[in-house]
C-alpha cells in the first residue's frame, strides 16, 4: 500500500547508493577525516558561499540538535524555542538530558514571533531578580517548521538581529531544509540562510539520504573541541564515510535541492487532489501537507493509502499528515486520487 | 598505501551493499519498525538461541555503551570497568555525560579480574560509611578487549556469578565481538555468551558494516521505555533500515562470523610475518596485533604501510597496532611482508 | 524600614536559637545520624501519624525539589507541574540539570486541574507514538501554591488517585506547608496530607527556621540509597545538627503550626488594611498577599515600607506581594496602616 | 564518651552563636544580599588581600566542589585530581552528576605531583588522537589533603604555573583550610594562597561553623551568572544570613585562624601521647592524626574513646583517624591519655 506517512519511509536516492558502490573498495581515514567527508565539506562550502565554514556530519536530527545546543550554550543556559518545536515535543528530552531547559515561547503555525522573543529577552535582562530563572542562552527555530510553514527572510533577519543584540547564538534546525528552500513561498536561498544564523544543519535523513545531517558553522565558528563534544554525545561515526559519501553525492550537481523540488512538486499535486475533493488543508508550501478529515473519511482513506494522524480537531474530525519525498511517484499520486474518489 | 590502521577504514562487506540495492525501492516503517530490522532480530534470536531477546539497532559503539549503561543503572549508580576500558579512556566522557561515574579496577592485559571485582563489591557492602561513595551498579567488560585479549568461559562465568550475587547487571561490550568468538583461544560460542550476561551488543561497524551495533537483552529484559531512552540519547535512527538491512545481511548464512574468521586468518598471517622478522608481539588471538618496534624501524615501516602507534614503551621503542578486517587481502599481506624485509 | 518582602528576611524563631544554645556543647554523630535529627524524626512521625516515615533534612527548597524528583524518577522521566510551579520558573533549571524535563500543564491560580492531568496521562498512554515524548513519571504540586492559594482535600484526593492509577509518585512541595495547613480555607490536616501523597517536605526556611526542609516519605518508601543520592546532589549536611536542632524545636509543642498561625493572623490583618484602603486583592488565605496597586501608589508606598513587585498588570498597574512571618509584629502592621493612609 | 571522630561532631564556636543572637531581630535581604554576608565579604577581602575578590557562601563542601567545578569548566571538560581526592572518592559522584569526569593522577600522601600533572597535560596536547579523551579543563587539589598533609609553597607555585601554561583554572578545596595554614609545616599564608590559584574556598563547617563554605574568586573572576549556577545546583541559601553571620564572626578578630591553631595545638598533644605510647603515626602536621593500631588495641581503645577506622593495613592492623577541633578540651586529651595507658 502506498505510504505518505513520512519522508523517511523509503530508501536512499539512487545516486547515493551508486556513490557507495563506486567508493566501497577504497580505504580511508575515519572519524570524519575520510576523503568523501572532506569532498562534501568543500562542496557545501561552495553551496553555502561560506568558504570558512566548519562542517561536521552526524547521524540524525535529535542528536544534531542536542549536540549543537549543548556545545553552544553554557551548562546553565536554556534554549528558547516555540512550544511546538521538535526539541520541545518529540525528542524524549534529549536537550534536558544534557541539562538545558527548553524555554518556550508561543507557536504561531510553528513559527516564533520576533517581537515576543525580543520582549522575553528584554524582560529577562531588565529585572535583576530573574537571576533565579534559567538564562536564555540560545534561540532555536526549525526551517521549515514542523507544520510545514516557512519563515520569510524578514522574519529570520529580525530574529538574527535580536540574537546579535543579546549576544546569543541563533540555531536553525534544517532537518527538512531542502523543502523549505524549494518552497514557492521562500524568498531567500541557502547562502543567505547560512549568513543569517550562527549554526544550522542540512538535513539528509529526510531529504534522500539513509542517514546523516551536516552541521554547519558558517564562519568557522565551531566551538572549541567540537570533535570531543560530538564523541561525548555518542554522535561520532567511526566509518564516517557513511555520512561523507552521502553528502558528497547530495551536493554533486545540485542533487539535494533537486530532491527537494521533486517532493514539493508532488506535494503540490497532493494539495490539488485534496482541494478538488473539497477537503480543507492547512497552509503549507512544503512537502508536508495537513488535511482535515472527518473521522469516517479518515477510516475509509486509511484502508487504501498510509498516512499519519496528526492531532484531533474535535470529536469527529482529525488533522492528518501526508508527506512526499524523492521517492514519490506519479503512480503514488494516482493511487491517492483514486482513493479520494471513494470518499 | 595499504592501511592496517583499523577495522573501520574500509567500506561495507559487498553482501551488505547488495542488500541495500535489492531493498532500496521498498517502503517501510521507521524508528526500528521496518521489515529488515524485524528480520534481523529473528535471525539474531536464532543465532543467540535467545527466543525472547529484545534487540535494538544503534549507530555506533560509544552511543551504545552510554545508552545501555544509562538505561540499566539508577541515576546515582556507577559502572565498574578496568582502567583501560573503552568507556574509561576513549569515549570523551560519554558515560559521565549522563551522570554515571566509571569506577575503575586494575586492568590485566585489558581484562577484569573476578576476585578483584568481588573484593570491591564485598568491601562496598560491608562498610556502611561507603554510602558516601558512588554505588557500584553495573559491571562492564569488553570482549575481546581493547588489547586483543579474550576472556575464557570460566572467567566470564565468575564475573556473571558475582553480578548475580550483588544483583547488578553484567554488560559485555562486543564492538569487535566476532573477532573474539572466532579467536582460536575462545572456548565458548555466541549462544553461550548471550546466556552469561544481562546485555551485550554485537558490533557491526568494526565487523563489516558501515555502521550499526545490535544491542541484545537476551531474556527479553530490556528496561522499560528503552525506545524512549534510545531517542533521548540521540541514538534512534529514523530510517532504521540503515541498520536493519545491514544486520539482516550480517546474520544471513553466517556472514558475521565468516567476516570475523577471515580477519583472524589474516591476523595470524601478520603474526607469522612479524615473528619471522624477529619482532616481539603481545599476546593476541584476535584481529588486532600489537608489535614492539624500535622507533627507527617504526619510521622505516611507516613509509610503506599505514598502522597505528599505540603507546611508547621507552624512549627508543613504541608499541604499534596492526588491524585486519573483511577487506584485508593477500596483496595487503604481501606488501607488509615486503616492507618488513627492508627493516 | 519594615519589610514585607518575604518570609525569609528575618532570623530564626527564638525557640530555635535557644535550642542551639542548649545543645551546642554536646558532641554528636554527623550526616543525619545526630541525636536531634533523630528526635525530630520521632516528633514528625507523630505529628504526621506516619510511624514508618523516612525523614531526611536538607538545607533548602530548590535542592529538596531537585533531589526528590531525581530520586523518584528514572533518568528519562519528566515531572508534571503547572506553568507557574516553582520548579518551572524560579529554580534556575535545577530539575533539568539532572536531566528531567518539567512537563507543563496550565496553572489555575497556581493550582493543577485534576481533569487536565488525567487527560494528559490518558493521551500519553493511549498513543504508542508518544514514545518519542518524555515519559511523565511524577506529579509535582506546591501547597500552598506560589500564589498563596490552597488545594481542597477533594482536589488532592483526585490528583493522588490519578497518580496511583498511572503508578507514578505524587510529590507535594511544602516550602510554606504550615501556612497552607493553617489557612482558614484548608479542610485537612498534616496527617491527612501525609497519607495522600508519596513524598512531601515540611518547609523550615520560610516557616521560622534559618534553613532546612524535612523531606518525608510517609510509608517508609524512601528510594534505595537515598542517602547517597542526597550526597550526590551536594545536599548532605555534615553537621546535620544544624537542621536537626531546628526541626526538633519546630516540632516541640506545636511550634511549627503556631508560627504559621501567627503569620496567617497577621496576613489577615493586612488584607483588612488593604481592603479598607479600597485596594483590590487576589484571593489568598495564606501568608502571602497580592495587591493591585497603581504605579503611583506603588511608588508612594515603597518609600515607607518594603514589599515585592510581582508582575505588571498593565502599563499603569502592578501586582505587589506582601508577606508575613513569625516575626511580623503589631508595630509592623501599624506602620503599613500609616503608610496606606498616605495614598 | 569523648569523640575524636571528626571536626564536625561538635556545635558552633560560641562567638558564632553569640553573633546569631545579637543579629536575630534584624530584617535583611536574602539570597546573599544580607548585611552580614556583605560584611563577611569585606573582611575576607581584607584577610586575603584580594580587594576585588568575588565571594559566595554555600552550605557545604561537596556542593561547593560540584558548583565551582561545573561553573569553571565547559560541559565536556574533566577535572584533574589525585586518586585519593575527596571529589573522586567521597562525594557520591557529585562532580559526575553534572557531567564532568574526574581524571585521576597518582596520590603521593594525598598530594599531586607537579611533574606528573605536567606530563599528562603535555601528552594530551601533543597527540591529536587524544581528542577522543576527556579534555582536562581544570586542576583540583585539597589543602590540607584528606591525609592531613600540606603542600609547600613551591609545590603550589609549580601547579599554578602549569595551569597558567595550559590556560586552565586551578581550584583549591579548603574544606579544612585553616588547619593547613596553621600547620607548622606551612610556609605561606592566606593572602599568598589566594594569589596562587583561580578559585578556592574557606571551609567553615569543619572549622568552627555549623555550616558554610566561602567560595573566593580572588581577582573578581567569578564566572558569568555564577548566582544562577549556584541556584541551579540547589546551593543558594534563601536566608543567606545563616552563612553570612557565621563568616562575619569567623573573620572578626582572626577567629578563623585562632580556631585552627587551637585544634592544631591539641593535635600535637595527641601525637605526643601516641608516640609516648609507642604507636606509629603517619606524617601529619594538621588536625587529623592517623595512627596504626593492632586490631586488639583498636578494640580496647574504642571502648573508651570514639575515633574513626580509616583503612585496613593488614589482617591484624588498622589505620585509625583521630581529629581535633575548636571544641577539643584538655579534659578530652586527658581521657585519651588514660585510655592509652590501658593498651
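Read from first to last, the chains carry the letters A, B, C and D; within each, the first residue is number 1.
Everything that follows uses one rule, which is that contacts are C-beta pairs under 8 Å (C-beta built on N, C-alpha and C of every residue); 3 or more make two chains touch, one makes a residue touch a chain.
Every value quoted in this text rests on a predicted model; they were computed, and no experiment measured them.
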item	value
Neighbouring chains common to subunit A and subunit D, by label	B, C
Longest centre-to-centre distance from subunit A, chain (CA-based)	D
For subunit A paired with subunit B, centre-to-centre distance based on mean C-alpha positions, whole Å	33
Computed distance of Cα centres, subunit C from subunit B, in Å	50
Chain centre separation (subunit A, subunit C; CA means) in Å	42
Residues of subunit C engaged with two or more neighbouring chains	75-76, 91-93, 97-99, 131-135, 228-229, 231-232
Touching residues on subunit A, where the partner in the complex is subunit C	75-76, 78, 89-93, 96-102, 131-134
Of subunit C, residues touching subunit B in the complex	31, 70, 74-76, 98-99, 131-135, 224-225, 227-229, 231-232
Complex contacts: residues of subunit C adjacent to subunit D	2-3, 5-6, 8-12, 14, 17, 20-21, 23-30, 59-67, 91-94, 97-98, 205-206, 210-211, 228-229, 231-239, 241-242, 327
